[in-house]
Amino acid sequence: MKKRAVIEYFLPIFGYIAVVALFAIVITIFTEGVTTFKSYSLWKFLTGTAWRPTEEPAKLGSLPLLVSTCIVSIVAMIIAIPLGLATAIYIGKLANDKVKDILKPIVELLASIPSVVYGFFGIVFIAPLVQKVLHLPIGQTGFTAGLILAFMSLPTIASISEDAITAVPASFEWASFALGASKLETLIHIVIPAATPGIITAVSLGFGRAIGETMAVLMVGGGALGMPHSIFSPMRPITATIAAEMGETPVGGLHYHALFALACELLLLVTIFNVVAEYFHQKFTRMRG
Amino acid sequence: MEKTKKQEIIFAVIKILAYLSVVFLATLLGYIFFRGFKVINIRFLTDVPRNGITEGGIFPAILGTFYLVLVSFIFAVPIGILAGVYIAEYTEENRFTQFIRVSVNILSGVPSIVFGLFGLAIFVNKMHFGVSILSGGLTLGILILPTVIQATIEALRSVPYSFREASFGIGATKWQTVKNIVLPTGISGILTGIILSIGRAAGETAPILFTAATFYTGRLPKSIFDEVMALPYLIYGLMTTGTFPDKQIPIAYGASTILLLLVFTMSIIAIIIRLKSRRNRKW
Amino acid sequence: MVKIEVKDLKLWFGNKKILKEISMSIPEKSVLAIIGPSGCGKSTFLRSLNRMNDFIKGVKIEGKVYLDGKNIYSPDVNVFELRKKVGMVFQKPNPFPKTIYENIAYGLKIHGIKDKKMIQETVEKSLRDANLWNEVKDKLFDNAFSLSGGQQQRLCIARAIAIKPEVILMDEPTSALDPIATKRFENLVEELKKDYTIVIVTHNIQQAARVSQYTAFLYVGELIEFNRTEKIFTAPEDKRTEDYITGKFS
């Protein structure tokens, strides 16, 4: 048996770095966040409808922020899922090789645009456009933020769904064509059902990105702190609130910890969503056999 | 034939929806580049901002972004590659390695603002690095770490097992095989992942908001314990806290253009490397 | 009665000519075996009988294929209706990742049959005709992939005959099956020929001798010999046919 290289003794340490980092992050965020509830009621934090952290006494009702996060992400998904799936189907099944070679990199470029640039484009172009087209008093709304988020999560949804669609064995399609089915029927009844677990993963990753996105919703969401009346009112989701307020609050105070508590809420939301997505993923994988 | 008619209409709709993202990208780039290139010149790239960022250049922000990316690179790339090597080459498929890989996946899905909070609590406050290049670079490093690990694992997995057997067959040790055969064969995949994560680190704002970035400083950083200007934060600042929008928004266009060119260069290099390696692959 | 008449069929993949001036008449309700060495174009020929080659890029087809006197390559032909009449079974069993029931019901739904009772009856009848009913009647709603390879291939037959085709094309249907499953499959073919015209591509010369009434020998894209099976196997006219069936080359 030959001697092991020195570096091989250290490799396992690096192997666990991601686990360590993940635990460090979760523990840090939760310990800092939980401190809030030594002096503020958890119930009031979860159900309160007023977020006024600088008032005396502070009001830390996070419900409007949570609702805003949900509205913005759901709007984003309503737009991004059809667009992303259509892109995936087009690239995966309909486009010829030349078009495919152009479209795929374009989708990748869309994914690489920094979120602050999306936010910037949102302010200078999308918000005024939304305001004008929908005759709104203000262009920076939850809907506008959702629209921007849709294009930010589209590449994730499109590329992972496309992988799932192209991974469906061609023999299924041949069988369907041989029965006299058209390309469309084959797509709807055979290919997409077979790709469903992959598509669910794609959508859940896209949704995760939308929930956690900060800069674009901060810049385009309009920043209003009250409970949103409609998707067309200005709002400030959880992420945007943390980003906007952390810079102006003293370290170690109630407000500081409350912002960590918001991050806990965000992490829980993402986790719950992932568990649900995983459940459906498993269910459809089993159905497929 | 009704069947083909229906199909034609639906496929046309799908095609239009698919091209919407192209239209969106083209509009975004056209709109920003057109205004951005108007303000970009040598002075814009090399001068410090003047008069409350209404004149002058954005050199400190470019330099700051470079420093932040550099620190995150030095931190994340070696560790990420070694972690990937360990997971791909030195572990058997079992519950525990599954746990490691799930952790990597979860880490890559943690919202970037949460990384920012973590950096603030640990690097800035607990370790007393303060708001600095070091704090921000480390925070960005942890952010891109899972990407580097995932790229490494995927690249190494794509190396055929027979390559390893051939190397063992001539008496090479495991590490010699990994170092001389597996890593060089998978290098293009790893490179692609690294380059993409550099682009990501350069463009992220939320993680550096409270760990490294400052909206305006007249001087250039002297050590890694200094706070810095950074391109993404500059754009954010100009659009939200700026007091002279007429003069500052054009600068934001310029900064956005520079930032876009930077990340696109990274993406395009990555795409080219991938295409080339696919074309050169003989096995 | 001639069911399919092939006239001067030529086929190219790009510049490469795969099929050279093939002509033959396939009699109704009989089994035609197509034999020949790998790469001789037998599968391509088979796929040109239900226009499955339409999907392949760079394919060019000339000549005519008449089904009941109507050229299937004429522009007014509804290719979906054509494939309803000319069913196909593939080399590897390829059931859909759905239940056994849905696998068979799919073709019916595609062709506009919505009546539940009728679908149920057809599913049962098709499975009976495919000699599969007794094995699966208690697990119709199990996933089709829970079946064995041989059962899967018979399910593919059931799926094909559910939409009442007139012709069934089989592309080396037993190449992925073990000997026992192959035997059962061949028995099924024997029964099916009472109602259907069957064209079977096979790599297995003995299989051709066992199941077919007519045999066509293809060699490098050319039809060398077409005749009654016993004639081909006892007194082939062409030297190459003789060499092939006696195993001098394969």
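Labels A, B and C are assigned to the chains in the order they are written; within every chain, residues are numbered from 1.
The rule we apply is simple: a contact is a pair of C-beta atoms (placed from the backbone, for glycine too) under 8 Å apart; a residue touches a chain by one contact, two chains touch by 3 or more.
Remember, it's a predicted structure, so these values are computed and weren't measured experimentally.
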{"item": "Leading chain pair when contacts are tallied as C-beta pairs", "value": "A-B"}
{"item": "Remotest chain, subunit C as reference, centres from CA atoms", "value": "B"}
{"item": "Chain centroid nearest the full-protein CA centroid", "value": "A"}
{"item": "Centre-to-centre distance between subunit C and subunit B (centres being mean Cα positions), rounded to whole Å", "value": "54"}
{"item": "Interchain centroid distance [CA atoms averaged], subunit A/subunit B, Å", "value": "18"}
{"item": "Between subunit C and subunit A, distance of the C-alpha-averaged centres to the nearest whole Å", "value": "49"}
{"item": "Junction residues of subunit B, two or more chains touched", "value": "3"}
{"item": "Multi-partner residues of subunit C (each touching 2 or more other chains)", "value": "80"}
{"item": "Subunit A residues counted as touching two or more neighbouring chains", "value": "182, 185"}
{"item": "Interfacial residue positions of subunit A with respect to subunit C in the complex", "value": "169, 171-172, 174-182, 185, 189-190, 193-194, 287-289"}
{"item": "Touching residues (chain side subunit A, partner subunit B) in the complex", "value": "2-5, 7-8, 10-12, 14-19, 21-22, 24-25, 28-29, 32, 82-83, 86-87, 89-91, 94-95, 103, 105-110, 112-117, 119-121, 123-125, 151, 154-155, 158, 182-185, 205, 208, 211-215, 218-219, 239, 242-243, 246-247, 251, 259-260, 263, 266-267, 270, 274"}
{"item": "Subunit A-touching residues of subunit B, taken from the complex the two chains share", "value": "3-4, 6-7, 10-11, 13-15, 17-18, 20-22, 24-25, 27-28, 31-32, 79, 82-83, 85-87, 90-91, 99-100, 103-104, 106-107, 109-118, 120-122, 125, 142, 145-146, 149, 173-176, 196, 199-200, 202-206, 209-210, 232-233, 235-236, 239-240, 249, 252, 256, 259-260, 263-264, 266-268, 271"}
{"item": "Residue ranges of subunit C in contact with subunit A within the complex", "value": "50, 52, 55, 80-84, 87-88, 90, 92, 94-98, 106-107, 109-111, 143-146, 156, 159-160, 163"}
